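Take a look at the structures below.
Below are two complexes that have subunit A in common, paired first with subunit B and then with subunit C.
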Partner chain A sequence: MENIYIAPSERTPEIDFDFVNGKLSIKGEAYPEDASNFFGPLLSSIHKYLQTKPQREVMLDIHLEYFNSSSAKALMNLLKIMDESVEAGARAVVRWHYNENDETMQEFGEDFSEDLRFLRYEMVRIG
Partner chain B sequence: MEYSLFDHEKKVIERAEQLVAGLVCDPEEIKACLVNLIDTFRQSYREQHRLIRVSDRQQEQLRLVKEELLVKTKLLERQANAMKTLNEDLASEIAFRRRAEEELRIMANTDALTGVNNRRRFLEIFEDEIRRAKRTGHPLSFMMLDIDRFKTVNDQYGHAVGDQVLRHFAGVLQGSFREIDVIGRLGGEEFGVILPDTSAQNAAVVAERLRSIVESREIKAAGNTFYITVSIGAAQMKAGESGYQLIARADAAMYAAKQSGRNRVEMA
Partner chain C sequence: MLAQNYYRYKQYFDQGGVIFSFSGFISEEILFALGDALRKKLSLEDTDANTIKRVFSVFVEQVQNIIRYSIERVDCVNKDAPAALSSGIIIVGFEDGQFYVGCGNTVYSDDVAGLRENLEILRKLDKDELRAFYREKLKEETDDSRQGANLGLIEIARRSSVPIEFEFLDIDANKVFFCIKSYI
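Entry: the complex of A and B
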C-alpha cells in the first residue's frame, strides 16, 4: 500500500502512515471543517491495510493536543475498526500520547480505550 | 466517494428497516439482526456518553479561558484608562509649560511698558542683522531716537503721564515701519530702529517722515493735551564696522541733532 503523508495545517493534524514499516502516526490538533472527508479516506485505508494482515505488528501513535467532537467520533470509529481487525487476526497496538500536564487529553485517551476488547492500547505520558 | 462518520449506524438502521418491512423472514436472521441492533445501539449510547464528556470538558475549559480573558480585559481597560488620564494630565502639563515658557520668552525679550523689544533682545537681533548684511552685502541702517525734553514732561505732568508718552511714542514707531524693521527701547526715552536693506539716503527719508509724524500727533493724558518731538540720529553701516561702532555714530548724530535745536534728523 502507498504511504500517506499529510502536512499539519491550522485545523488538521500531521498524518504519517508508513504502511511499509507498519508505523502510523496522527499528531497535532484536529478540528477540520469536514471531519468525515478528512478522516474518512484515512480510516478506510487503515482498514484495508489491516485486512491484508501485515506480517509485522502495526503501531499507531496518536498524539493530539486538541480535537473537536467530530474528530472524537472519527477516532472512536478508527479504534473500533482496529479492534475488529485484531479480532480478525491482524496484530496492532495503539499508543495514546499526552503531555504531562494535560489531564484532559489523558482522560480522553483513557475513555477511548474503554470498549476495546482485542487491540493493545497504551497510554504514554510525555514531558 | 462520500464519507460519513456514521456509516455503521446507517447500515444497521437500514437492516432493521428491512426487517420491519418483512424483507427478512428467517428467524435466525431476525435474531442476528436484533442482536446487531442492540450492540450498535449500546455502542452508540456509550459513544454518545463519551462525546458529551469530551464536549462538556472542552466547553468548561473554554468557559474558564473566557472568564480569565474577561478579568484580563477589565484589568487592561483599567490600565488603559489610567494611561489615558495620565496622558491627558501630561499633555495639559506640557501645554501649560509651553505657555509659561512662551510667556517667559516674551517677558525676557519685551519691554514691559511699551511692548517693543527690550535692550537685550534688540542688541541680539542687531548682531544677527549686522552679520546678515555683511553676508549678503545689502545695506543696513540704524536709527537712534530720543524724545525731546522728556524730563520736562515727567516733571510737569508726573511719571504716569511720562509712561503714557513712552507708550504713545512706541505706538507711533510700531505704526510707521516695515515688517522687517526692528524697534527696541534702549533705555529711558531712548529707542533704536534697525532698518535692514536700507541705505543712508532712504534712512534719512524714513527718519524725516517719522520726525514729522511724531510732531503732528496730539497726546491726551490726564486731562492735558500736548505734543512731543523727537531727535533722530541715523547712520548706514560701513564696511568692516562693528555694531557697537554703528550705534556710537548714530548716537553721536542724535546728540548733534539735540545740539542743533532738537526735533531734527542728523545723518552720520
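Entry: the complex of A and C
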C-alpha cells in the first residue's frame, strides 16, 4: 500500500503512515471543519492495510495535544477498527503519548483504551 | 452620538470582564482566527496551560454548536461545500477570578424541550459521572449529528468548574434564543 503523508495544518494533525515499515503516526491538534471528512479516508486505509495482515507488528503512535468532540468520535472508531483487525489476526500496538501535567489527554488516553480487547495499547508519558 | 454609543457598548462589555465578543455571522475560518487570538492572549498573560486548554475547548464546542445549529444561517449554493455562515453571539471573559465562555443563537421552539432535558441531565452529573457519560456517548455507533452536539455539550460540562447555565428566550411563535454560559 502506498504511504500517506499529510503535513500538519492549523487545525489538523500531521499524518505519517509508513505502511512499508508498519509505522504510523498522528501528531498535533485536531479540530477540523468536518472530522469525518478528514479522518474517514485515513480510517479506511488503516483498515485495508491491516486486512493484508502485514508480517511485522504495526505500530501507531498517537500524540495529540488537543482534539474536539467530533475528532474524538473518529479516534474511537479508528481504535475500534484496529481492535477488530487484531481479533481477525493482524498484529498491532497503539502508543498514546501525552505530555506530563496534561490531565485531559491522559484521561482521554485511559478512556479510549477501556473497551479494547485485542489491541495492545500503551500509555507513554512525556516529561 | 456614534462615539457615545460605541463607548457605551464597550464599557458595558468591559464591566462584564469581557476579553472579546463576536456577534453576527460566524464561519469555521472566524472560529479559527478567534480561537487563535484567544490562546495567544491567555498565554501572554501567563495563564496556566491546562486552563487555556479548557477555555479553548469550551470555546470551540460552543462556536461549532452555533455553526451547526443556529437557524439564522446562509447555506452554500454548492451542496458539497459545508462552509455556511451561521449567526450567533460568543463572549469570552473573566469574572470573579474565573474565565467564562458564553454563546447564544436562535433555535426552533420544537427543539427546546430536548435541549433543556440534555442540559438538565448534565447539570446533575459530577466530574466522574460526566467522564463516564462522555465515554458512553463515544461508543454509540451513530453518525446522527444530534448525538455529536450531545458529545460537544458533555465536553463543555466536563471542562466547566460549575454546572452549565442556560436560558431560553421566546422570540416569536416558532423561534427561541438559546444561551449557555460556562465558567471554567
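The rule is short, and it goes like this: the second predicted complex is superposed on the first by the 127 of 127 C-alpha atoms of A that agree within 3 Å, B and C clash if a C-alpha of one lies under 4 Å from a C-alpha of the other, contacts with A are read in each partner's own complex, and residues count from 1 in each chain.
Here is the rule we use: contacts are C-beta pairs under 8 Å (C-beta built on N, C-alpha and C of every residue); 3 or more make two chains touch, one makes a residue touch a chain.
Model, not experiment: these values are computed from the prediction.
Novice: If subunit A is used to align the two complexes, do subunit B and subunit C fit next to each other or clash?
Specialist: Clash - subunit B and subunit C, as placed by superposing on subunit A, overlap.
Novice: Counting only touches as set out at the top, which of subunit B and subunit C does A:E2 meet: first, second, both, neither?
Specialist: neither
Novice: Counting only touches as set out at the top, which of subunit B and subunit C does A:S69 meet: first, second, both, neither?
Specialist: In the superposition, A:S69 contacts both subunit B and subunit C.
Novice: Where does A:D115 make contact in the superposed view: on subunit B (first), on subunit C (second), on both, or on neither?
Specialist: Both partners, subunit B and subunit C.
Novice: Just checking: does A:S36 make contact with subunit B only, subunit C only, both, or neither of them? Give me first, second, both or neither.
Specialist: both
Novice: For A:T104, select first, second, both or neither according to whether it touches subunit B, subunit C, the two together, or no partner.
Specialist: both
Novice: A:E10 in the overlay: touching subunit B, subunit C, both, or neither? Say first, second, both or neither.
Specialist: second
Novice: For subunit A, what residues appear in both contact lists, the one with subunit B and the one with subunit C?
Specialist: Residues 36-37, 68-70, 72-73, 76, 104, 107, 111, 114-115 of subunit A touch both subunit B and subunit C.
Novice: Show me the residue ranges of subunit B that touch subunit A in the complex, using the header's touch definition.
Specialist: 1-6, 8, 43, 46-47, 50-51, 53-55, 57-58, 61
Novice: With touch defined as at the start, can you tell me which subunit C residues reach subunit A in the complex?
Specialist: Per the touch definition, subunit C meets subunit A at residues 28, 32, 36, 49-50, 53-54, 56-57, 60-61, 64, 82-83, 131, 134-135, 138-139, 143, 148, 151-152, 154-155.
Novice: Within their complex, state which residues of subunit A touch subunit C.
Specialist: 10-11, 31, 33-34, 36-37, 66, 68-70, 72-73, 76, 101-104, 107, 111, 114-115
Novice: What does subunit A use to touch subunit B in their complex?
Specialist: 35-37, 39-41, 44, 68-70, 72-74, 76-77, 80, 104, 107-108, 111-112, 114-115
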